[in-house]
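Next up: the structures, one after another.
Next, two complexes with chain A in common: one pairs it with chain B, the other with chain C.
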Partner chain A sequence: MSLTGACYRSIRLALVAWMTLVLLAAFSFGGLLLNVPRIPILEHTARNLYFHVPMWFTMMALTAMAAWQSFRCLKTGDLECDMRARAAVHVAILFGVLGLLTGSYWAHYTWYEGTDIWWNFDPKQTMAAVQVLIYGAYFALRNSLDEPEKRARISAVYNVFAFVTVPFLLYVLPRQMESLHPGAEGNPAFSEITHPVMRLVFYPAIAGFIGVAWLLYRQRVRTYRLEAAADRRGSEALIGHMH
Partner chain B sequence: MRAGVYLAVAIQEALDSVMLANDKLFVVLAVVLIIWAGIVVYIFKVDRRLVRLEKEAFPPKPPPREYPKDQPS
Partner chain C sequence: MRRWLSAAWALLQKDLQLELRSRYVVNVLLVFVLSALLVVALAAGGDALDARIQAGLLWIVILFAAALGLGRSFVAEEERGTVLLLRLNATGTTVYAGKLVLSFVSVLVVNSVLLGAFLVLFSVEVARPGLLMVTIALGTLGLAGATTLLAAIIARTARRGPLLPMLLFPLLCPLLLSAVSATHLSLSGVPLGTWRAAADSLLAMAGFTGVVISASVLLFDYVWHD
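Here is the complex of A and B:
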């Protein structure tokens, strides 16, 4: 069942309030959290941890949601699940692209400071781009199929396989290669270098961004339902006209 | 009148001192909050539009009509 009415509105309000608090905390909170460690190269941009990294966590959460809905679609043949999977992949791509853009921008002014490098094929960067392309192909596949049931089934199989690649492309492979990202070969992992003060904002930021993504996902699902209803009405009118 | 001007100047100076402190970091906070406010307004507006369209597309089902029982047919 999907949430409606007052229940949805109170969750929406709570998410907006939560995210606003996270944004305030990211910069100050009365000076309490202001003094994040000033590390050379990173300086104030260390705060990008609260914004850039949650993009990827949010994308992973959405791909997991999409895979779950596709799995249900395969089991039951329900087209509603197909719509939800499609909506989740759509929002996942949005967050993936935002992650790529923010990462490229951040790296330009820190890792590649003083150069004109914007894109350096850092393994994590490359794999993330491949991941976004894999999910882009999901829509290419969908557009090539006309019959709704067949489209739901085939794209659901593809989507489940796409999700299997996520932990490898975003986590396992970049760690095995030479990368500037934390956790790669020879680099300390996130847990070893991140100051505890930053975790007070980082984890709530992940939750907040996933919440915002859920709002966007829900809006898309509702849009798809309306589109489907309009299509049904359209074809009924056409059949009525022919008779 | 004059008090109002003093107040406005005092507010402006207080705002400047906050905004320029800490390497002007709070300017970024202000920008982020403006963007966030825009996104929130957008989410709410889309939701309202969806509710209106859903009311048109999926009208509530009329309650089942009740027939009086105990009547000779």
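Here is the complex of A and C:
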């Protein structure tokens, strides 16, 4: 993936415009164009759908990307793939934390309205927190490996290994347990309870957040490249100095 | 296939012999699980615990024991300086298979003792002993399967100390949750078909174990060779 600066900047500009429209649509009140259906307790908090759910879609996309880059790294031994996997995991953790925050904040005023609860051990919520921890451990593992090639290979193995266990966390177990999330045991699935008007904002929001994640990911990759180049120059200068 | 089996068997025999000579891992783990159980019993202060809490405590002790004992298998090879010879003489998958069976057997031995002590200390009544045994065996296999690859990973790192629990605990959450709910069912039982009620959890455990072991077999070579 080699993008010229101009191409990258125009994609960024398009994304900014896109996200501005999404945000405007998400908060358009008073029946201007996209009002949300008013359901008791939920009321306007239903708009959290545009933020909370895309966070998870984005995190899934990023972890899939990270696993793919790690897989490529194992096949080719290319350090560039390792950088990309690292950047993807980094941004994935950010979106995971945002997903947890938006979910827990929203649930405090809806599911647990009238109580003092911020965090209840809802299976899906807990599993998502576990997934963030799994990817946090990825960075701890990286820190305990010094040699770049070895670090790339070993952390790629861990990343692929972690990715194959994620479906159990997010899809198998939460469906076997009682949960307040849609699609859990006895609850209607997302598609049955979401009003068509909300989908007009929801799907563009998913695309927009994935785009934002892509921008952040590119930024991180470029930073890592510069850091690696600076390291190389530094060690060359050091060797030159010693001669 | 025949040669592969005999190579894996030879590696397992070597490790079993070393373990039988020193009994290091099994002894450490036995002392650990028994003292952990005593601490739990003291903390409960003689109160009768709910079956769900009992199941949870049992699996927490098992998980900590595994994180403590199983990290040794590859680190020991590095410390003895035998890892290079092993790398030259054996293929990755045979090493993995040998270590996996060794981990499984040693944790199974420890878990059987733990289970006996647990049943006596907490005076637990088991509604479905067969289900309990199947759950423990399946859970142990999943535990050994995930831990073997991670143990090989941490043997390659510089700072090994607290790394294994940190990598292991979040990854094992799915297995642990299913194991706890199956154990809970086996302790308390349900009027109509305990086995059928536990089928979901057992299937999830079997699926997790299968996925983890297949992924480990495919990935092991990348950890094992330089």
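To be clear about the criterion, the second predicted complex is superposed on the first by the 237 of 243 C-alpha atoms of A that agree within 3 Å, B and C clash if a C-alpha of one lies under 4 Å from a C-alpha of the other, contacts with A are read in each partner's own complex, and residues count from 1 in each chain.
The rule we apply is simple: a contact is a pair of C-beta atoms (placed from the backbone, for glycine too) under 8 Å apart; a residue touches a chain by one contact, two chains touch by 3 or more.
Everything quoted here is computed from the prediction, not taken from an experiment.
With chain A as the common reference, the superposed partners chain B and chain C fit together side by side. In the superposition on chain A, A:Thr76 contacts neither chain B nor chain C. Of the two partner chains, chain B is the only one that A:Ala230 touches; chain C does not reach it. Taking the C-alpha centre of chain A as the vertex, the lines to the centres of chain B and chain C open to an angle of 160 degrees, rounded to the nearest 10. Once chain A of one complex is fitted onto chain A of the other, the partner contacts of A:Leu215 are limited to chain B, with no touch recorded for chain C.
By the document's definition of touching, of the two partners only chain C reaches A:Leu133; chain B does not. In the overlay built on the shared chain, the residue A:Asp146 is in contact with chain C alone; chain B does not reach it. Within the superposed three-chain arrangement, the count of touched residues of chain A is higher for C, of the candidates chain B and chain C. In the superposition on chain A, no contact is made by A:Ser10 with either chain B or chain C. Remark: least CA distance from chain B to chain C after fitting both complexes onto chain A is 31 Å.
Taken together, the chain C residues at the contact with chain A in this complex read 146, 149-150, 153, 156-160, 163, 166-167, 169-171, 173-174, 177-178, 200-201, 204, 207-208, 211-212, 215-216, 219, 222-223, 226.
Within the complex formed with chain C, the chain A residues making contact are 74, 127, 130-131, 133-134, 137, 140-141, 144-146, 150, 153-154, 156-158, 160-162, 164-165, 168-169, 172-173, 176.
Residues of chain B that touch chain A in their complex: 22-23, 25-26, 28-29, 32-33, 36, 39-40, 43-44, 46-47, 50, 53-54, 57-58.
Per the touch definition, chain A reaches chain B in the complex via residues 12, 16, 19-20, 23-24, 26-28, 34, 44, 212, 215-216, 219, 222-223, 225-226, 229-230.
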